[in-house]
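Here it is, the structure in full.
We just call them A, B, C and D in the order they show up, numbering each chain from 1.
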């Protein structure tokens, strides 16, 4: 099976060349002083990326590890938790919370919409027993976004701890950990950072550590334990177990790429690629999945699959015929997604995505204005004001 | 901080060049058909490496994840488990087992020795309530080996399920999963396979799956769940969560390297490097840590640190002055370890290890015959019969 | 300065990933037995690629080295040479021939045309004093092709030695050295082979060697000497000087890629990408540079620059605004070229080329139907019969 | 054929990891603005390395190209040239000079010695007709050095132009182009710079350009022409032909490595490795090839092969049995050479070289004190004053 020509998926997405080069570096012993230095240095860079003074915890597994660890760490049987649900990741967090014994409260909307912060505020006011709030910032399967800038402070001011899944937002959509008063932010590199999966990037507030320490259900002596890392590594000099040395090379490299481009420039680039992609999709006569532009996330564009076709079929056809890998709906609905994250959020990639999807749908019998779609996406890139669509200064100066 | 010139640690060790090249390959979406094909293909190759018809489970975290998952999967409160202890990893398994509610039985020996299989047999006969046996094949911190070829069948014939930690043996020391009747073997790539850490390579017997399925304490819907992988991926087509795409590239590459060299050739090479290293250490006037040559493992050579010095001090000095990274005792005692695993188990590397350690100890005041040590290790490499000490045919033909 | 997002130039073009991986391999001593073996093995593969039993000579510099060396080797003052001129490379060969003292005969056509083989035959019949014929197979700056299949045998049957510049054709356009009776074919890797510049791939017939040996003007003891290589390396065991070890890694890798895809499949893929590109260009309302489709080469599509604009301006704009690197006319006229060679001759790349050029021209004031152009190019890729447009089986199976 | 475990040859030697990573970067079109910028930037860095204000010319072929081009550029029939001969490269220059029509004067010494600057001065005074002086700084095949610091000014003050071959000295042995008043310095990357072969690094003074311009025999419109590069590229914006893009990536990377370590630190490191190697060789009871320590070069250690053995035999045995690639005498005598250049000039590599050679010779019947040799070399590395033997700060901070 040949590799794809281009990956415009919902992540893992393509990695920056600098990341691939870093992952080819010789592996070192984890107690090698150069590796220890790299680990500490990477933590500092991640803090810079997540705009926080809180502890940085780099858990050694895909972001699902960090999400589970965070929920287990803060929840014990009987804890009242408010979980916001606008898609499959939000829904999944609810299942976990119940498993862990939480008193589960949920605010749920259709999977093409987002929970209104005003509803959250009202709910918190009406339920002062809520101790923890969980929210997915960017619901990747639906291509929608929650307004965490509003929700975070609401929770904090009421003494409610927050766990925010910002896996697919960090680097491409604004995430301000401290300004937004997030207790535990859970991020990852395989989306807008253009890095490898396999590591969770987390921030943890003192309040979260405190709750965890006093929680008898919080994992200890376990791969799932945040406390092990806090006690042995963050406050000590010992790794709880062997870290993923190779992925750590990739993590540092991708954070370097984003910080060297500039976090704001990276976010602006993702935003413009998203706008180009949405404009192209609509000009092609296709329908966006999210209810309105206001709730769209800038990392992926979700498109409703025309009647009579399925997401898996469309995705497979684009991959086979055109070598372009896009994503299906992953349970959120009959939709496909064009990702524009990391190096995929650059220049003509949204045009390629619109073209491959449009042509693929037409091959399968749908009515699509392919040329119009591509031309509309491309027009975005040509706009003087849209120069941020291409990454600048990232390679050549080194 | 400069990188080391050479890593002769107890692992992670240096990766083969083929592995580093593979890790530089572009990252793909995990549902890309090329990645799915790669994942399935890699499972088959791992089965070939572990000599088994059992299911292969590639858990997406360092081997500690697999060990914890296996123990949690087979144990529930009240399960009687016999744990063999000859070092810190065996000891650690006991702590876990108690945490998980097991009735813990232990056969423990000094950390420079191995448990005698005859003692195991006697114990199993005297304790028919034992349901599970846990054993570390190669106790890396001590440089010692358990005779799993003998112990596996003893357990199996008594209906006792086995969890064998063969993290640092596979690829360098014989591991015959099916012949030895191991239920769950837990291996990893960052030792004798010369691959990346970050993935656990596991084999699971039908009996183990059956026990796990009927175990209400076995993790489900969790990063720690083997059953999730069994149901969703091994017997299905869905990943429980995003796998570590980049590390998977490295895993396939390192298994390819070993299979293309030939598993037996790889094992013979590790054995000869180990003998060269031990000969060099003794000729230098230093003392091996293991009680006798019979209990030594071929992956690392453990050497007692002379009086008045500490392992951390010696390790740090060799790294700083000579750029050679060796390992300390990791809690097993005042010892240092020269690793000879993967590409470190090749040609003159044991000579370099003996030289750096010998010279480092002399710098610190010990009495060492450095030249004699290096010459003795080198003599091994020159022996006609010792040709297997260098890896053949691995690169150039591609 | 940032690197381009995509290179669709006339070459050097992007290299295959396998090539880049090979170029990252450790450099060896040139007399290392593994390198010597690699060099000999690569020669055999190049012979397979060029369909010849003649000697393969890998000169250690860009193809211009091989062209100059060949001309100097066969020509001495007074030699009558017929040089076919349809563009800047053909013209340049004439200047050299005069410098080297040849009696120069030329058949020249406009730089958007090719010399008719019938004219060649007539000329050779009328000028029996011609000893050598020189022809550029694919005139890259013009995007045109000579019919060497016809011309080669005409020359051979009259005892005329041929030097054929097939730098930009090999791997993407049929080149049959022995069937076409070519005496010296001069090829390179940085075009349709998707490899590095820096090495000339040559084939040399016995008749060519014989003439060279008896030519007192043929370079000897020089970087320009083919005879040095013949005597010391091809018929001996000594390199005349240090070969370019790193580029040789890349050369073997790119030839491997093409042979593993299949030479015919590679050629079919280039042909289809060229047809897609030309269809797109015309649908966009732009004009091809070559006089007719019959004379176009499959490696690059040359497009006339609309009035009032210049090739350098258009090229610069596409690069700056869209990150797409195309080529200008390099002296052949006011034209730009979209390359589709090696990995650039794949899947949607011609669509990207048409889009970037079309949009760029529109930005600069030209009248272009961008969407129509892209849609037309894309239609080609979607055609069932056009499946050869994407490279198959090249990556994943390794 | 397996690749070597370690290359301690006389060059090409192993490349720094940074170089290998750079060579894996995607190839760009040569007129891509990022490549043009890289080319100009690299020239500036090479000027910094060669301590010169003169023009930098990066000829696109192995250093032999630059040497031939320089000699052809300055010499015409009848030019009186003084050529210093202390080995095969000096001797070879003489053959060329005669070929090019020079009136050849030579000062020749045995191939284990160097020409005394006092003899040069006397000769120049006695032969005022001398217009050009050619000298090899480091005669790699013999492991000897000429005192160019003394010779350069002698020539300059008498109006004699100098061509200095510093291929194996630059980066490992002091070369001060402007202070030493060198007109044309010819360097390369595959020796002490730890880079790729395939590019000549040259400096050219105004006086040299002037002579070349007025020399009707100087190559023009040729791969051998320095003037083409001067007129089209250095003073223009056009490449005479396609440069070796991939090797240029490696060149910039290796120069970056050396400049970031610090040129003086790099030279000190090479010097100490050379002293360690020579000490080891003597302690092993072997004999250095150079007449005395004063004439040794720091890039390679040349060792006389004991009676009854040949250099090719010893080299082959070390490579086959121990995977260590050293070099033979290349026509300079029955000697072998351990290279310590670039990454081979680091830490324990000289110890490995002494060990492999010593053990290899012993295998073949010679009387060698292997342990003493290795211990003596190692003692050097352990010396407090010898800390410069390892490269510092080169990797980890990036």
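Quick note on the criterion: contacts are C-beta pairs under 8 Å (C-beta built on N, C-alpha and C of every residue); 3 or more make two chains touch, one makes a residue touch a chain.
In this text, all values refer to a predicted model and were calculated from it rather than measured experimentally.
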Exercise for the section: For the pairs A-D and A-B, output the one whose chains share more C-beta pairs in contact. Expected result: A-B
Practice task
Tell me, please, which chain's centre (mean of its C-alpha atoms) is farthest from the centre of subunit C?
Solution key: B
Exercise for the section: Name whichever of A-D, B-D or A-C reuses the B-C interface, so over half of the contact pairs are the same residue numbers. Expected result: A-D
Fill in the blank from the handout: Averaging C-alpha coordinates per chain, one finds the centres of subunit B and subunit D separated by a number of Å equal to 45
Problem - Distance between the centres, which are taken as Cα means, of subunit B and subunit A, whole angstrom - result: 34
Exercise for the section: Please report how many Å separate the Cα centroid of subunit A from that of subunit D, as a whole number. Expected result: 52
Handout entry: Multi-partner residues of subunit B (at least 2 other chains)
Key = 1-3, 21, 24-26, 34, 37, 395-396
Problem - subunit D to subunit B touching residues, read off their complex - result: 1-3, 5-6, 24, 321-324, 346-348, 351-352, 355-356, 359, 362-363, 370-375, 378-379, 381-382, 387, 390-397
Handout entry: subunit D to subunit A touching residues, read off their complex
Key = 17, 21, 24-26, 34, 37-38, 395-396
Practice task
Enumerate the contact residues on subunit C facing subunit D in the complex.
Solution key: 1-4, 7, 9-15, 20-21, 23-34, 37, 60-65, 68-69, 95-96, 99, 190, 196-198, 221-224, 240-247, 250, 316, 319, 325, 327-328
